[in-house]
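Each of the two complexes below includes chain A, the first together with chain B, the second together with chain C.
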Partner chain A sequence: MTIFRFALLRGIRSPLTLLFTYILPIVIILIRPMWIGEGLGLGAGGFTFLFMVTMLSAYLMSLSILTDKIDGTVLRILAAPIPMWRYLAENLLSCAVPLVVQMAIVSVLGHVLYDWSLTLSIAVFLCYTVLTLASVAMAFAWHCLFKGKEGNATGFSLVLFLGTFLSGLVFPTEVFPGLLQYVGTIFPAYWASRGLRDVLATGAMSGDYWLGIAAMLLFAVAFLLYGGKRRIV
Partner chain B sequence: MNRFPLIFGHYFKRTICNPINLLIYLLLPMGLVTLNMLGNIGMFELMGGDLAAAGDAVAANATLLAAVFMVAFQFFSGELLMENIYDNFKEGPVRWRLLASPVPMRTFLAGAVVANWVFNLLQALLIFTVVGLLFDVRWGNPLMFASVILTVSILSQLIGALVSQVVPKRKAGTVTINVFCFGMMFLSGFLFIPLGDSAIATFITSYGTPLALAYRAILYAGPVLDDMGQALFNLSILGGITLVTAILVFIFGRRRTS
Partner chain C sequence: MRPNVTFLLCQIAGFSLLFAFWMGSEELAGFFLLLSLVIMALLRWRIPKLNVTVALDIIACLAVSALWGPAAYALAIPLFAAMYFGVYWTAFGGLYLFFNFDPLLTAVLALAALSGIFLGFWERERRDSLKTRDASAGRYYELESLQSDLTAALEQVERMTAVAERTRIARDIHDNAGHEIVAAYMSFQTVRSMLGPESPETLELYDAALERLDNGANRIREAVHNLSAVTVLGVEALQELCRRFPGPQVALQVYGDTTKIPVYVWTMLESCLNESLTNVARHARRASRVSVDLDATPHLVRLCVENDGVAGATKRPLGSGLRNLRHRAAAIGGNLSVDARETTFRVICVIPIREEEVPHGN
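Now for the complex of A and B:
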């Protein structure tokens, strides 16, 4: 797991990645007003902000794959006795694992500080973990679309901000007129917010929740297949 | 021979013809403002509200959102000038070619500054037109509104110029300006994180940042908050901040001769 270790350390060395992946999730869960009370979207805003941080962290962590493509590291990997699938798998794992650990900490803190039921804590952990996997896969597929960093970050921030609104993270999608309600279904975050909204409303992980989980897993597989099929060189 | 129009035209065309600039500085603010307003109106109706009866409240909310987004993206657009300065005047090979030309450096800088400023104003005009057509937004006194937008657009250019002079590298400059803009949004209470109801928090969200001063000046100048005296007070503070920033840009700009 040399590549995994190296990619993990590379992520920690970047100040932005360190902030968004390792510090911000813990800071957010400790801000009480974000989790107590009601807001327009999911609860008081904490869940929404955590969604955005998760997606942004996944993007930042997986940026190393694009960097390797630009500076020619991938060519050296191809010459090494490491299969490409292993290089990609360990890199993507290094993006996902820290976030999954953060979500576990967030779930435990939510249970301790805000009296989340065990069901809610497990549902939050599972939902955000699967969202992490889908976001990492989406970011990987996104990076495969670009030959350079120009436009990459800009385009992703556009997708992230507009997707946040269209996915029902700020307002429920029912409030949008006509077809705009359904545009958000192309984002994994839509399914995550749908599932979480169901758990928050009913207190149980019912059909809607598991539908959201299944949809996000399908998204993850689809993005990984797409990214894996494209030439990384 | 005056080369300024040629240089201005070059930088303006470069800004307009870059699809990334159009996406981030024109499409994104339009999208965010529209979705936010549709969401608020939809939520109001979903909770059983009567849009016709609550016309004034809905218009006030729409005006608030439009004002905040318009001003916020004016500040974000300062990054364009910062990038132009780094690319052409601080880093890369273009700088030496410009220095070798018979055209003074200040002419190039003036062209870049004015081109980006005009783009800023175009952005404001676009948001003003589209939200005015789609939603019931009450901008209030047109002279005050124009004064606020002009001041904010000049301030955003000065901030972009200042960051490019103080921060040595482009990447760090980009991070600085984004932290500054997002920081203003956070301190104004527009980033999902509530600051609370204490006296200090209320002061910060109302007067603590240029963003808060600007959008509240727009609201004070219209029927939403309806207090022209307060609007003028906010505008004068903004003017003072702009003047101080201009002086800083002048001081830091003269530190280097190349």
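Now for the complex of A and C:
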């Protein structure tokens, strides 16, 4: 697990990653106005910001793969007897683990501070954990498309913007005209928002919630398959 | 545009159309079917050996068609892929038409299948032509390498022949003319002591002649020294190669009379030993022993290099070095073979010695 440990430390050393991964999720859950009132965290509330933080954090953490590719570090690493899949797996794990831990803390704090029911806390934790996995896989696939950081960052900003608005986190997708109502379905966040809305409406993890989880897992598999095929050397 | 790119674009177009169908109905089964088809397509792209899994896609489409009608049209996507990959038995998906006949659906599936078959044949033909081209290029480079090796070997043989000839001349002068002149000089010195002092002019002339003879003998000695080869030849060259080998100690055993071996054979043996030891250093780092046996008989010479560091090398094809040596051995009527077993690896080179050849090298 040397690569995992090193990637984890590298993430902590970067101020931006430290802010988005380790500080902001806790800060967001502590801002009370984001979690009370109509919609309980959706719209301009905490869940939306958590989604954005998750996406950005997954992007920033997995940026190390692109950095390794650009500066040739990956070539030197692969000169050692380390298979490619292990390098990728440990790197992706180091991106997902801190976020999953943060989501666990957020769920516990939500339960303590805002009287979330146990079902809601578990649903939030599970939903964001799976969303984290899908986001990391998506960011990884995204990095595999580029050879430089400039176009990569610009493109991802656009994807993040579209993903946030079209996936129904800020506004329900019904408010969009025709085709735009469905474009959001190609983002994992759409299914996260759909699942969360269902849990918030019914108070239970019912069919729609589990469909959302399944969709996000399928997206994660698809992105990993795509990213795994692309050459990173 | 290459057929594989066309295939990829057709698949993307298929998925886009299916997405458009789904947007019209909003049936979740349709979305999950689409996502599953994309994942399976990515999986086959990632691991080409799993092409047969296209049958699962067809089954999924048939199953979902019970919940969502357009899934029957989605059959076109896996059917197209199956025909492209050559998994023709998956055409059982077409049985759906027997139970739910629809002219439009029939036309779509037939078009997809025929396009897949056409693209598949095109792609296979392209791969075959690429393989043929690669094989031709491989043969070309191998021949080029062989030509380069043969040229180098020819130059080496020429050089070694010159060295061997100089060595022979030096030995002849030293063993025959040199000894005779020294014997004559000693005889003249003996005669000098027998001559009386009666004729001082005669003695003076005699001493001058002796001195010139001594100078001549010295000149011959120097010439022999200068003619002698610095380069080691024959068995010494093989011993030198074994001595310089950086791996385990090489045990060289020589049997028979090696003076009968001509120079060009020594050159071949030297190259063979050099290549074999290089291979041991590169591929048999775990070798604990390397033995070299040289058998010289009046009619042939056999060199065997054996090591115990290459296990399970039986299925490996010969490298270009050994292949070139095999060609060189064949060019002089010999043979080079490789005997790879579970625990040992042997390179055996057998070269005939023709009667009319004059032995030189040793």
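Keep this in mind: the second predicted complex is superposed on the first by the 228 of 233 C-alpha atoms of A that agree within 3 Å, B and C clash if a C-alpha of one lies under 4 Å from a C-alpha of the other, contacts with A are read in each partner's own complex, and residues count from 1 in each chain.
The rule is simple: contacts are C-beta pairs under 8 Å (C-beta built on N, C-alpha and C of every residue); 3 or more make two chains touch, one makes a residue touch a chain.
Everything numeric in this text was worked out from a predicted model, so none of it was measured.
In the superposition on chain A, A:9 contacts neither chain B nor chain C. In the overlay built on the shared chain, the residue A:214 is in contact with chain C alone; chain B does not reach it.
By the touch criterion stated above, A:165 is placed in contact with chain B alone, chain C being left untouched. By the document's definition of touching, neither partner reaches A:26: not chain B, not chain C. Applying the stated contact rule after C-alpha superposition, one finds that A:226 touches chain C and leaves chain B untouched. Here chain B and chain C are compared by how many residues of chain A each touches, and B touches more. Of all residues in chain B, only 19-20, 23-24, 27-28, 31-32, 35-36, 38-43, 45-46, 175, 192-194, 196 touch chain A in the complex they form.
For chain A in complex with chain B, the touching residues are 16, 31, 33-34, 40, 45, 48-49, 150-151, 154-155, 157-158, 161-162, 165-166, 170-172, 174-177, 180. Those residues of chain A that touch chain C in the complex are listed here as 179, 182, 185, 211, 214-215, 218-219, 221-222, 225-226, 228-229. By the touch criterion given at the top, residues 19, 22-23, 28, 31-32, 35-36, 38-39, 42-43, 45-46 of chain C touch chain A in their complex.
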